[in-house]
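First the structure, which I've put down as structure tokens, then a few questions once you've had a look.
Note that the chains are named A, B, C and D in the order they appear, and that numbering of residues resets to 1 at the start of each chain.
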Amino acid sequence: MPVTADQQAEIDEQRAETHTTRRATVPGMEAHLYTAHPVLDHGFVRVIDYMGDDSAITQAARVSYGRGTKAVSNDEGLIRYLMRHWHSTPFEMCEIKLHVKLPVFVARQWIRHRTANVNEYSARYSILDREFYIPAPEDLAAQSVVNNQGRGEALQGEEAQRVLDWLRSDSDTAYDHYEAMISQDGQQGLARELARMNLPANIYTQWYWKVDLHNLFHFLRLRADAHAQMEIRVYAEKICEIVKDWVPLSYGAFEDYRLGGAQLSGKGIECLRRMLAGEDVTQETSGMSKGEWREFMGVVKIAS
Amino acid sequence: MPVTADQQAEIDEQRAETHTTRRATVPGMEAHLYTAHPVLDHGFVRVIDYMGDDSAITQAARVSYGRGTKAVSNDEGLIRYLMRHWHSTPFEMCEIKLHVKLPVFVARQWIRHRTANVNEYSARYSILDREFYIPAPEDLAAQSVVNNQGRGEALQGEEAQRVLDWLRSDSDTAYDHYEAMISQDGQQGLARELARMNLPANIYTQWYWKVDLHNLFHFLRLRADAHAQMEIRVYAEKICEIVKDWVPLSYGAFEDYRLGGAQLSGKGIECLRRMLAGEDVTQETSGMSKGEWREFMGVVKIAS
Amino acid sequence: MPVTADQQAEIDEQRAETHTTRRATVPGMEAHLYTAHPVLDHGFVRVIDYMGDDSAITQAARVSYGRGTKAVSNDEGLIRYLMRHWHSTPFEMCEIKLHVKLPVFVARQWIRHRTANVNEYSARYSILDREFYIPAPEDLAAQSVVNNQGRGEALQGEEAQRVLDWLRSDSDTAYDHYEAMISQDGQQGLARELARMNLPANIYTQWYWKVDLHNLFHFLRLRADAHAQMEIRVYAEKICEIVKDWVPLSYGAFEDYRLGGAQLSGKGIECLRRMLAGEDVTQETSGMSKGEWREFMGVVKIAS
Amino acid sequence: MPVTADQQAEIDEQRAETHTTRRATVPGMEAHLYTAHPVLDHGFVRVIDYMGDDSAITQAARVSYGRGTKAVSNDEGLIRYLMRHWHSTPFEMCEIKLHVKLPVFVARQWIRHRTANVNEYSARYSILDREFYIPAPEDLAAQSVVNNQGRGEALQGEEAQRVLDWLRSDSDTAYDHYEAMISQDGQQGLARELARMNLPANIYTQWYWKVDLHNLFHFLRLRADAHAQMEIRVYAEKICEIVKDWVPLSYGAFEDYRLGGAQLSGKGIECLRRMLAGEDVTQETSGMSKGEWREFMGVVKIAS
């Protein structure tokens, strides 16, 4: 169960309250409010608050471009134009605040996105719960043999079992000692800020994370990508679903131009033109390195 | 009239609409929504949207400090504690979006606050209106004779009149030529992005400005200060009134610890202790420069 | 002459001094130090300081990727890999500080790039010089007839002359009155912070601007682009030349992947594959809007 | 030994090289370059590069304030003025790049300072070393009994020994299993990005960290403070020593106005004036909460 009983009670109470507002309101997001969407074995994502909608973006763009934007007749066209031409400031006019529960090693990647506001649970002040991420057997991937960063096939048989046993037992031992060290029962009790150093990176933490839509899209482009580590990608994918309900036009443009798009180099464009002119271009004649050529082929590959 | 008829119509329409929401809602802010508060002769500030309230701040703080914050029994105490100890991240959990109309020379100061989102009216795309800030006679201050940055007494008589005449006539001439240059009536018409260079810095521009509460407080501390230029200070003061209605507990703490507070140096603390011990400390015996001593005296001055 | 005699004397003095350092040093940049490169009629760009070189980037990348990067055998390959995969943090390890003199309307665009450090000449404290940007006749472009933002052909004959006359005379009048208003000769003298509002946007200002290489590349991608306003583009182009001397490998990768590259949408990739498979795709069958199709054709256009 | 043999060889090689430069150069910092200053049991701080010196700050300030700053006759006076009045932008004109080796739980606090550039060793790509922070016995502090965040006395006797044994044995076991899980000797080998989750927060990581002087001062004010956790404070204190050698005038001002200074609230100023006027003010008559009063007394306390 990813949410504690206390948290659930608080959520239920807040969920029951409704207010009247003159602010832009999105029914799809209201449905998400105060609902914890489970991610991984003990994690979740839930929307705490949001500001703006698709119209807030076009409204801001129309302040910037004034009468000039009247030519683009509708919101969808304008939003696609803004996304295509990297006009990022109108997307910054929307903001979202999420409550996320996630393993520490995922949090360490996540926090590298600096343009966001964060309040994390502090293990200096408070005691962490005994909750650890233990991968499902099918997610126990081997190191990739083709690159230093990726994953290969799932581990099999005894090796998989051994890994799971270690992850579980080391987590348990670490937490037992954490509890024993901070205990004030018959002893002084180690400071929390010190005792936490014994806890492994698969322990769960939680935070409030607030970010504008432009920076969220940047996060999602990198973290919902196939090359992202699976354990952060599942959070990004869940957030993608939420954003789709929040700003459907913007999300559609993001999906087409960013998630589903590709960046070509000058060399790539040159090769492309030669190929379209009928030339049979190879890596050797492309001027690209092997790595670049492989990625380029991934973009232009002709369905056979 | 600071708002155009078109804008007023749009404001009235939005104002009439209300929605139901589960988000934190502040009645005091709902009243501000879609109301343009006049500032200077043609400017205004109006709230477009807001996220969060005083409770959103303590809620985020309690995520960070966990059970540790239970000790601080109420929201006001916790908010004052956060402000006093520069715990800024919980205040970042609130966000406000303003529509501001302001002279260009004010906008140039304002934009130096980088941690905010901005969409400004673009004079590359659109045509600026004939609206210029002309100071009220009592605001036509002379250069200060005591420091390089400040203002002295208001100009008097003929000198004041001459200044007003120049400001008005130069604005008018510049705008007449701006219009004539971009006109496509019987001529090609100069590009807008070039013609705008003829316009003086007292012309009005407008923008959407979105900022979190922590960064807004930083802005207000500098710009609502007595040393700020009057023409930006009046905007800051208007925003102070709005923030007071939005997050009254946080604003109260900000007023006490920031606006009404003072920073003492190590030397200042030392002198203070000597004074409290009965010593008659002078600038000469203080170890401070004349400037520092004058500012220090401003803080500790004994009511006579 | 874009640099004042005082400034030139200071530059010459600093230029004459050399020091011994263990820091990464780039001969090409040393040559730029304390040289003011003229831009527009009175502007300039000069390098004040720099930190790092191409090796600083790969050194930082190797800290991140550790032994993993040994596979990429050389610095150029690694830098191209980083650029291609948007690994931006190693590029942030280089920093440059420029002194720039530029018209106010250019400064207003430039400052929108927020991730940089700026110290601008303050007209609250000091008196601006009588220096205005007056475009060369061939740069007096008409408003574009095809889009709201662009420029068309240069103005001709009497119209061009009239524009130049107005720009010159309005600048002169504004400055005459500025001087007269702040004069303390026989009068109180208006505060500088007020008098500056009479000055048009083609007056020159100057600032120190410090930025890391990643954010500089972002600035250059947008401002050295053909769609940027000419008056800022010439600054960006001059900076491109400097960066090429500073970090030649990184600049080469930037040129290939960013300046000379293109972003394709998911729809664009789909069309491309159909075209490579021999299909004759048109805008009607592409699923793209007219604008998107026109831009797509600009990328894939087959040399005839 | 905090630096590996490989790293030391690289350091020695770089240290031997010197270059000629026209940039601002600080002899005190040249001595620091390529020297790893030990911190904690396996950590270090070393300066990789720096930009600017005290003069770079006043030079930038003089660009901003122009002739206005001539009045402040010397660099020290100007720097103290800037620090006292929160004129932060001139301090942003200096930049420093450090290589830091630190425990993960310290890194997690450190990274919350967002306005900096970071390249951290990646355990997705590479294998972490078997190096863990084990506190010295005298640093094994008990949880404070007066506040939730602080530390009390050092643990004694058996309790201390038990804690040390657990920290050591859990680290060892976790690392043994980490190694065994990623081993490809006779098995597939778990992906590094997964295996790292078994490692506790006292393992060492390292990064390049680049920051401007203004933001560094902000970091130091919070982290060299007596309330900061000791394990991050020792890094901050080491950096303070380095900064003192780099920009002695700025560091002096920082020490007086920030590290050694104090912020008084409006209520505090009021009480102070009453006390200076001879009144015997108590907490009850102060209008302050108990916590505020205790902190206020800490500032004004009269040496007995």
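One rule holds for everything that comes next: a residue touches a chain if its C-beta (ideal position, glycine included) is under 8 Å from a C-beta of that chain, and two chains touch if they have at least 3 such contacts.
Because the structure is predicted, anything quoted here is derived from the model rather than measured.
Hopping across touching chains, the smallest step count from chain B to chain D is 1.
In this structure chain B contacts its sequence twin chain C using mostly the same residue numbers, the overlap exceeding half. Separating the CA-averaged centres of chain C and chain D is a span of 35 Å.
As a whole-number value, the distance joining the C-alpha centres of chain A and chain D reads 29 Å. Residues of chain A in contact with two or more other chains: 65, 68, 118, 125-126, 148-149. Of all the residues in chain C, the ones that touch chain A in their complex are 65, 68, 71, 77, 80-81, 84, 86, 148-149, 222, 255-257, 259-269, 272-273, 275-277, 289, 291-292, 295, 299-303. Residues 14-15, 17-25, 30, 33-34, 48-52, 56, 59-61, 63-69, 89-90, 92-93, 95, 97, 99, 117-122, 125-127, 206-208, 210, 212 of chain D are the ones that touch chain C when the two sit in their complex.
Of all the residues in chain D, the ones that touch chain A in their complex are 103-105, 108, 111-112, 114-115, 118, 124-126, 133, 135, 140-144, 148-153, 155-156, 159, 162-163, 166-167, 170, 173-174, 177, 180-182, 184, 187-194, 196-202, 229.
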